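Next up: some structures, all given as C-alpha cells.
Presented sequentially are two complexes of chain A, the first with chain B as partner and the second with chain C.
The block that comes next holds the complex of A and B.
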C-alpha cells in the first residue's frame, strides 16, 4: 500500500463511518493526511516500543534505505539525512549505518555518550567507527580514529521515515498487512476529521 | 599481529570476533546498543588477565637516549621485568640497581644534559664473573615512564662504539595495542566473555537476573578462570614438571 492509498483508504473509512455526512461535502484530503501522518508516526512508535520488536531487525517493515554522501567540515565528517526519522527509543529511528560498499558496522551512540566515551580506550582501540545522530542539524556525525575509515565517501542508512517525508508513491510495508495498518491508524486518530456534520443545526 | 575476524581455525581470536561473541551473549547482537561499553569491558578484562594472571611477557628493542642513557617505556608497559641484551642468541640480563642515580643530583636538581652535566653520573660496576657479558646496570624511573642503563656501551666485536645503543626491555604488558588488532589466546576467550557477561548482569543488562542465575554465571566465570590458569601453567618441560611435583610432594604428604 502506498502513502496515497493509505490516506484515501482512511478517507473512505471516515465516509462509511459517518453516513449522515453530506456526500457532496467531503473532507479535504490534506486535512485527513495531516491526521493520518500524526497517527502513523504514533502507530510506528508504539510498534517499536515493544522491546521484542525494537531489538528484532527482521521487523524493519517501516524502514527505507538511503545512500548518503559524506561531507567534511572543520574536521567533522557527517552525512546530512535526506528525511526525518521517527524518534524511537535509543535513537533506533535510524536502524542501521554502514559504509555503502562494505559490511563494516558503524556503531551508534548518543552524542552525550560519545562525549563521555571519547577519552576511553574503547574509542581509540575500537575496530569499528562510531557515529551519533545530530537530530537538531538532521545529520549523522561519524567519529573514527582509524585512518582506513576516513576514506569512506558514502554511507548507507536505514531510516524509519516520518510520514510527512514519504512521497505519495512510497510503499508502506506493515507487519500485520495493509488492513491492520488502516485499522490502527483509524483507531489512533480517534477523533476523525469530517466535514461539518452540524450543517442542519438551526 | 594482524588477526582476521574469521580466525576459526587459529589458536587466537581478534577483538572484533570477541566483541561479537560478547554482544551475542548479551542478546545485543541486533541493536549493538552496548557496543562501546562491551568493548571497554573486554579491554579491561584483557588487561586484567594479562597483568595479573597470564605468564606471557613482551620484549621490545629500545634505543637509549644519547645524553642520559635512558629508554622510554612502551605504551602498554605495566611493569619492567628486566633489561638486557642478546648475545649469540642468548639473553643476558643487566643487574637492577635501585640505588643508582636517576636524573637528579645530590642537591635535588635535575642534570642538565645540554652542558653535559650528565657525564658526571659515574659509570658503575666492573666486569664480573667468568663471562663478562652481564656488565650493565639498570634502574626504572616509573614516575617518568623511562628506565636508565649504565655501564653498557654496546661496543661491537671490534670494540667500536655503535651509532645508537640498543637494549632489550622485557616487560609485563597490559596486552592492549591500539595500533593493531589485539591478539587474544583462545583459552582466554571464554573467560573474557564470562567476565564481561557477569559484569553486565550485575548492572541488570540486558535484563534483571535472579540470584540463582547470577550465582550460576559466577560459577561459570570461576570455572573458565580455572581452565584458563590450568592451561597457562602447564609445565613446559620436564624440569618444570618435576618442580611442580616436588612442590606438591612437599606440601602434601603421601603415604
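The block that comes next holds the complex of A and C.
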C-alpha cells in the first residue's frame, strides 16, 4: 500500500464511521495525513523500542536505502541526510552507514564519543572509519584516518524514514500491519473502524 | 417537440384557438426565454435572484435532476490567468480539477480567510481550492495555470418564429428561423407548465403531460 493509498484508506474509514460529516469540510486528506503520520511514527517507535533490534536485519524491511555524496568541511567528511529519520531510541532511526561500494561497516558512536576519541592516538590506528549522526543539522559526520577509506565519495545509509518525508508513491510497511495504524488514528479521533456500512440494521 | 407544438399545446390547455391571439407569438417567445432560465435555476436549487458567481452553496442535485440537466453539462479544459478561470457562457460551476490535483474543493467565501492561513490545509497543487467569482473560479495555489472545469452552461435562448401563409392565411411555424429549447421533451413540458402558472392557469404538471400525450396521439 502506498502512502497516498494508506491516507485515503483511513480517510474512507473515517467518513464511513461518521457518515453525517459533510465530506471534505470535516475530513481533509492533509489533516488525515498528519494523524496517520503521528500514528505511524508512534507505532514504529514502540516497535523498535528494543536494544536487541540493532542487530536484527529483518527490520531493514521498514527502512529505505539512500546513497549520499560526501562533502568536506573543516577536515571532516559529512553527508546530508535526504530525509528525516524517526527519532528512535538507541539511534535505530538510522540502521546502517557504510561506504557505497564496500561492505565495510562505518562504526557509529555518539557525538560526544566522537569528539573525545577523534584526537586519541588509538583512533589513528583504528581499522574502521567512525561516524556520528548530527540530528540537529540532519547529517552524518565521518572521520577516517586510513587513506583507503578517504577515497570513498559516497555512502549508503538505511533510514527508518519519518512518515512526512515519504513520498506519496512510497510503499508503506507498518510494523503490525496497516489495520493497527488505521485503528490507532480512528481511536484518537474518537471513531471506530467499521466493518459493516449497513448501520441502520440494529 | 418543437416550440410550435408547445404553442399549440398551450392553446389546447386553455381551450383557445391559436388564432385567438390569446398569447401572441412574440409574447410566447419571451415566455419561453424566461422560463427556460427559470427551469434551470429551479433544477439547480438556486434562488430566483441568482446570477452566475453569486451563490456559494453547491446545488443539491439528485440523479434525476442531473439527468434533466445533461444537455447543459460541460467538462472543459480552461486557462487560468492570475488565478482566475477563463470560461465563456457558464451558468453554474460544479467542480474542477487539475493535472496534478488529488482532491480539489470549491470553498465558501467565509472559509477563505481561515483557509489561506491554515497550518495544515496548506496551499498545495495536489489539493487546490477555489472560490466562485463572477468570472468563474479563483483558484489557489497561484502556480496553477490550467484546470478542467465541470459546469452547467447557460441554455441558448429559444427563438419562436412564425409566418402567415399568404395563400391559405394559416399560421405556419418557421423551423429554420426558430431555435428549439434544448431541454428534453419532458422538461419542455415543465417550461410550458411554468408559463401556464404565470398566466394564472391553474393546472397540475401531470395534467399538462396527459394533454400532451393526447395531443401527440391525435397526430398533433
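As a convention for this text, the second predicted complex is superposed on the first by the 156 of 202 C-alpha atoms of A that agree within 3 Å, B and C clash if a C-alpha of one lies under 4 Å from a C-alpha of the other, contacts with A are read in each partner's own complex, and residues count from 1 in each chain.
Criterion: contacts are C-beta pairs under 8 Å (C-beta built on N, C-alpha and C of every residue); 3 or more make two chains touch, one makes a residue touch a chain.
Keep in mind that what you see is a predicted model, and the values were worked out from it rather than measured.
Enquirer: Does chain B (first) or chain C (second) touch A:4, or do both, or does neither?
Expert: Only chain C is touched by A:4; chain B is not.
Enquirer: Between chain B (first) and chain C (second), which, if any, makes contact with A:109: first, second, both or neither?
Expert: Only chain B; A:109 stays clear of chain C.
Enquirer: Figure out whether A:70 sits in contact with chain B (first) or chain C (second), or with both, or with neither.
Expert: A:70 sits against neither chain B nor chain C.
Enquirer: Would you sort A:30 into first (chain B), second (chain C), both or neither based on which partner it touches?
Expert: A:30: touches chain C, not chain B.
Enquirer: Where on chain A is chain B touching in the complex?
Expert: It is residues 54-57, 90, 92, 105, 107-109, 113, 117, 120-128, 130 of chain A that touch chain B.
Enquirer: Any idea which chain C residues touch chain A in the complex?
Expert: The touching residues are 102-103, 105, 120-122, 124, 126-127.
Enquirer: Inside the complex, what are the residues of chain A that reach chain C?
Expert: That would be residues 4, 24, 28-31, 34, 168 of chain A.
Enquirer: Under the touch definition given earlier, write down the residues of chain B that touch chain A in their complex.
Expert: 14-16, 19, 27-28, 30-33, 35-37, 39-40, 43, 176, 178, 181-182
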